[in-house]
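The letters A, B, C, D and E name the chains in turn, as written, and every chain counts its residues from 1.
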Amino acid sequence: MSAAPLLQVEDLKTHFALGTARPFGSGRRVLKAVDGVSFSIRAGEVLSLVGESGCGKSTVGRTLTRLETASGGTARLDGREILSLSQSAFRPLRREIQMIFQDPFASLNPRLTIEQTLAEPLRIHGLAKNRTEARALIAETLQLVGLDPQVMERFPHEFSGGQRQRIGIARVMILKPRLVIADEAVSALDVSIQAQVLNLIKDLQRDSGVSMLFISHDLGVVRHVSDRVAVMYLGRIVEIGSRADIFERPSHPYTRLLLSSIPRIVPGRKRVEDLGEPANAASPPSGCAFHPRCKFATDICRSAQPLAQPLGNEHFSACHHIAELQKDHA
Amino acid sequence: MKLKTWLKSAVMAGALLTISGSAMADGMLRYATVGEPPSLDQQVITSDLATTIAHHMFEGLYTFNSSNAPVPLLAAGDETSADGKTITITLRQGVSFHNGDPMTSADVLASLKRWGEFGSRGALLFDNVDSVEATGDHEITIKLKEPFGPWKNLMAFINGGPAIYPASVLEGAGKEPIAPENYIGTGPYKFASWEPNRYVELVRFDGYSSPEGEPDGYGGKRVAEFDTLRFIPVSDVGTRVAGVRAGDYDYAESIPGDLFADLDADASVKTIVNGSPLFGLVFLNSQEGPLKENFALRRAIQMAIDKVPALQVSIGPDQLWSANGSFMPKGNVWYTEAGAEAFSKGDAEAAKAMAKEAGYDGEPIKFMVSTNYPFHYDSAIVYTKQLAQAGFNIDLQVYDWATLIDKRGKADQWDMFFTHHGFVPDPILISVMNDSYPGWWATPEKAELKAKFTASSDPAEREKIWAEIQALIYEQVPTMKTGDVYTYNIASPALKGLADATLIWPSFWNVSK
Amino acid sequence: MATIGLIWLCLVLFAAVAAPLIVPFDPLDIDPVNRLAEPGWPHLFGTDHYGRDTFSRSLYGARMTMFIGVGSVVFALATGGLIGMLSAYFIRLGNFLMRGIDVLMAFPALLLALVLMTLLERSVTNTIIVIGIVYATTTARILFGMTLKLKREVFIDAAICSGAGHSSILFRHILPNLISPLLVQASFIFAFAQLQAAALDFLGLGLPPEVPSWGNMLSESRIYVTRAPWLLIFPGLLIILSVFSMNMVGDAMRDSMDPRFKDDIAGV
Amino acid sequence: MLAYTFKRLLALVPTLLAASVLVFLFVHLIPGDPAAILLGDSATPEDVARLSREMGLDRPIYVQYFIWLGNALQGDFGTSVFFRTPVMEVIAGGAETSILLALLTMVWIILLGIPIGVLSATRHGTWVDQLASGGAMLFASVPTFWLGLYLILIFAVWLGWFPSSGFPSIHDEGGLLNLRYLLLPSMTLAAPNAALIIRLVRASMLDVQREDHVRTARAKGLHPARVAIKHVFRNALISVAAAFGFTFAALISEAVVTETVFSLPGVGRLVVQSILRRDYPVIQGVILVIVCLYMVINLIVDLAYAWLDPRVSLK
Amino acid sequence: MALLEVKDLAIAVAVGGQLVPVVHGVSFTVEAGKTLGIVGESGCGKSLTSLAIMGLLEGSQVRITSGSILFDGQDMLTLPAERRRAIMGADMAMIFQEPMTSLNPVYRVGEQIAESILQHRKVSKAQARERAIELLRLVRIPDPEGRVDSFPHQLSGGMRQRVMIAMALACDPKLLIADEPTTALDVTVQARILDLLKELQDETGMAIMLISHDLGVIAETCDDVAVMYWGKIIETAPADELFSTMAHPYTRGLMASIPVSDREVERLEAIPSRVPMLGEKLDGCAFHPRCGRARPICSDIDPVAIAVSPSHFARCHFPGEDQA
């Protein structure tokens, strides 16, 4: 694998102000949705970001596409810093970073035909000289995602969820981006349809060699599509590593809890003990945010935030008790 | 269960509210007025509404009897010197103000002086007055520069006239109306309260000293039968009518002519026609614009108008209007037909020809009218049509009264405007006689006749001069009279002692329920 | 119900357009001889105190109804809609503009209209503007809210990701989605504008009195409630029917666009 | 709660200030000179100019504004040009009528609007519902003054059940019985507003009926009436409460007309009359008081909202 | 006798005055103390069926057109409303998918639990409150004395679902219908709720009817499973038997579509085409347009349930064929 990553994210922070400012108050309460996240994606690689709702995984994607404003940190696409660009300076770069959204019912403008929806990015980025050329490109892309080009005259409400998600993917692929951020791209779909779309995404990724940040809460889906996996908990990455490392040698108590919680068809699952429910992101626990639910937790976990510890082969885990956990594997 | 009890008590409360209707307040007269008076200070305020209320508490030295002749009220009598320049008025004794102080010549002197300086109509008399002095506790002497005929009429006309106030109230009083707490007069009712927007209330003055003699017009004996007179503003005319019919008011003023037939036939109300008509006036701008000094053009306009349809439309039944060209009503001493043949020709062809001769080239003539008085507006609509038929380009501008009054003071904003004029006992009081009244009619011909008119105190001669003035008005057309309008009021049939016709303002002494 | 409303409104529209062709009398023609004539032939709805034909005036009144309705709707939607939409989209500008709207909205509608009307003098245009301003404020509020919601829609995010600029997002993505709520809003403004205009006419601060509008007809004949009842009944019923119809049509439009009714099958 | 109320009150200041400038400007741009009106028809322009000067109406408008504002902050809205009494007194005189009228109207609205709305929603789609919502729509389409005229004609003139117009204070002779003067006006005023509340109660109950928690309540085996009142209506009340703010504004607007029709000595008619008289201080005072009142009502509605909906936090 | 026996239940939706059938003759039984899982994709009619059993379709545009629902020997469909309500919330209780919206936001959770108790048991308010606290403790809510006075919005999703369960258990039901009880929850929370349900079942001996789209959830919790597709039950079997030998091609396709976290597959075997909508018209076997092994007969004739084993039925003309 090449050394220079396509996307290099360092210490990314996205904070939101909660409520309105008080006239004489002591300042705003802040929700630290993303609080110091670092990772990189190489060309042609699929990195999954996994975690439960409210862990900030979607915010990472939205920040990288500049739908949210970063509060700190850097993100370099091909070495070029993108978070500090103005919106207008960033606009040409949007072609490079595209996003697939979760909800296939909401992500298409109900008032535009499929052709209008797909022609818009072409027009903006000047990728088609005229309508004929645009229509040819659109037809080609629709075929690529498994739709009949005839459908371009129709409106979104005439399609099923799976078809709409294909249209959403077509809108992304038509720009031939270098990085695709897929935010829960299949979680709103029925199981049988989800498989179709997952297969499509996987095929397109492999054929075009596009890099991908795949954001999902579904570990099954994640295991199916990713090269590497990052696990997030309350705004931070707690473990990152190759697919095999994460699923076969999970080295963070939270990763283990996640994996053991998935209901399995094959009987004989052994649950990891869970001591509580997820904390509120607006008021995270001190120290290691996971400590109230962790059976390994000691005083240091309550006071100090653990740093990412290298476990070899680009596998990192942010846990104070990494040694004890490692013992378990043996 | 709870709901039931609730409902029951609600129904009972409702029934109670309904039954205990208008059984109360027999000692109170409830008078529905068209609105709220601006102030009750009679010396400076000329609003008829104000006088309707105020003449129950303020009195002048003289007042009018039923034939509109001045008779003494607070005065006991008067003497005029042979040269007509010195008038000595003796005051009635034993008259006291509402505050208990006796009325003396000091009070009268102060009142006359303030009126002379600041009163609305004071200047008409005081321009001719050399001096006024108290020549005894109950005697006043007025020295005139020249003999002045209308003096007693002016003194008797309480609207904007010399109401007698205590001297103490008048200390420092200027043009500005005096405040309600200073409403102290000598009349049969005294001021009780003014609840803005709600009512003005007068109560019987127990220390009242009435003039003697049979009641005749406003003269003669006055007896306050009611404990309270309450004047309630009810601006919506439909509500006023409904209110009298429903028994909520005893008296309501200013009722539209169209309802006359119905109301006259209705046993639950009594109609009272006003004895003295008011009349509409269309003023023409003598200071600026196309009509300035172009008397021929003005006569053309006058020629185009037929007043009768306007009266029919705006007033209704025949008995409530009269197409009378004289500025004073038929039967009045001042009645004259001089010039009045031009009153209501309505000849469009002739008017067209006259206008052409006068050099009229179709430039717009701005005609201002207000909707606050429906009869102004209705008449103006008819005139506008008639004038258009005669080829005049009339730009009808409709404003509310406040705006119109504001605009008419600015000579460049208008050419004609519609207003009306109440009955006055002496032609000198008619607004067009005032040089500074908007329209600003002040030709040398007028000045000459006016001077002669005021200098004479011989009634016959004054009538003759007035006829000349009226003819001049029809010739120079500073204003056009639109006809006499006999307004009428309605009353509850329960009111006793009410005259069949109102002299000028309704009065409620000698009236009971 | 809504169909009947629609038919009635079409009739009103027809009367408004064709009034000059179908009226039996000139609505301004004064005829003192025939004043206050009862309904019958040739005066179907009787005559008023000028002797003007009430039926002809009613037909011309339909014209005014349409003028006032359409005029104030267009004014309110154009100004209020734009302010609301831009305010929500450019939220900084919005905080400022919406403050202004708040101030205007602190005045009860009719009071605001009264004061403005006194200020501007009575005329058809001014009546339209004044009523338009009154409803522009509510329209701005509503559109502000709707645009804020639309702004959070995923397809807007998608458009941003495609690189769409402000004008494209505003007019290509947001505005088309506001059309149907705007239509519903328009129908209610239309209805309320009629009542508001009639109230202004009644207070003597609406259309110039010579204009044959239903409100003016009511206002100038209110004293004839017993003397000539037809003068109040006909224009009154015309107003009620028209406002009622417009409300019905608006209701039907709102129901048909409301997504919760579409969700019924899937939603149980 | 107190802190929140205080904060909200403080936030009203800029809006009020802006409103006061607007009021002042509007009022002063109105053509017509109060001095001229005061002096009546036969006054000459010279008289008018003199009085104008005495009243300070010839000073620059911003000077007049600051003088007025300074006094207003001390609770002094100046003196009525027309009545020559303090504006506050004039307004206070009208306040009793208007407040009683508003209260009585609210009673009607609540007594009629809420039960009929609830009935209409629970009988959704039946003839009861169609009658109620159709009737409500009809009443919302009737011009207030038209309704008022006919109510006077029928109930005061023909039947003689209620007084036709006017309102003697309840401190006057007759006491509380004088409230009967307000029955017809309050019914007139209530008609369109009750109609709106009926429609609103109905619509929000239908909305709440679709919510999941109503299904939960039904799954408990509760009687449908109990579900309708305790779960559906109670929750619908939240959005209905918000509407009472708007209803109040509508009430003020329509009170102007109703008070005129019934010749009630209230604040609404005072506005119209003062505009016609060009009584600037009163117009300014009344409008500003109404704007303040409206804002306070909105604040109360917000507080009620928070009280009704525990999800709304005042902190 | 089974606790719940549903026979030939057919449901239709009124659309513009016409009844569109959406559930086509569904039959199954729930034994006392056992768990039946109903699994299917969106629009298969599983939720409608559960609402019909609970009696919650009343007043909507949905009608039960035929069939019977025997609960404890009584036909819920012919029972007078009064008596049916006496069963609802007492002997038969239900929890729903959306814990966020299924609780009334304006009442404290204690009041809402107590309401159920007061409805069915003659107890005082204070006693009902005591019982509510007890129930909160039963569903493992920490600090039940404090939580009883919380408003729903002050609780997390998992906590709210626990409150829902407590409410359902208020009158010791014989049957608990759980409609997608964990779908809206995070996976760690889901695991805890499922564990709780199992423990409660062990403690109280109630029967559970669990509706879910997640085969994993069904496999972990249920004794028996019914698979629904387009308003029909297409396969029923005891859980272990179903997951070892799937007879219907749809069930098999569903299984193969799921990416699982415990092994890696290069490519998922997706079922082609789209999920049919409820009320759509389909002839023959409803699954034939998507079935890889459809033959002419499949598009003409709707198959009946065929016994694969004594307790295992599948509605397929060729059940069990191509079994891997």
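Before moving on, here are some points about what is shown:
The rule is simple: contacts are C-beta pairs under 8 Å (C-beta built on N, C-alpha and C of every residue); 3 or more make two chains touch, one makes a residue touch a chain.
Here the structure is a predicted model, which means the values were calculated and not measured.
The minimum number of touch steps separating chain A from chain C is 1.
When C-beta pairs in contact are tallied for every pair of chains, the largest tally goes to B-D. Centre-to-centre separation between chain B and chain E, using Cα means, comes to 89 Å. A separation of 54 Å divides the Cα centre of chain A from that of chain D. Between the Cα centres of chain B and chain C there is a gap of 44 Å. Residue positions of chain A touching 2 or more other chains: none.
The set of chain D residues that touch two or more partner chains comprises 31, 149, 153, 157, 260. Shown for chain C are the residues that touch two or more other chains, namely 118, 121, 205, 222, 225-226. Partner chain A is touched in their complex by these residues of chain C: 153-155, 157-165, 168, 172-173, 176-177, 179.
Across the interface of their complex, chain D is touched by residues 16-18, 20-22, 24-25, 32, 35-36, 38-39, 44-47, 120-121, 160, 175-177, 179-180, 194-199, 232-236, 238-240, 242-243, 245-249, 372, 399-403, 405-407, 409, 419, 431, 434, 436-438 of chain B. Contacts from chain B toward chain C in the complex involve residues 236-238, 241, 256, 258-259, 262, 309, 312-313, 316, 371-372, 374, 377-378, 381-382, 385, 396, 398-400, 403. Note for the complex: chain E touches chain D at residues 54, 56, 58, 84-90, 93-94, 96, 98, 101-106, 115-116, 119-120, 151, 153, 164, 167.
Within the complex, the chain E residues that touch chain A are 41-42, 156, 158-159, 186-192, 194-195, 213-217, 219-221, 240, 243, 253-262, 264-265, 267-272, 274-275, 290.
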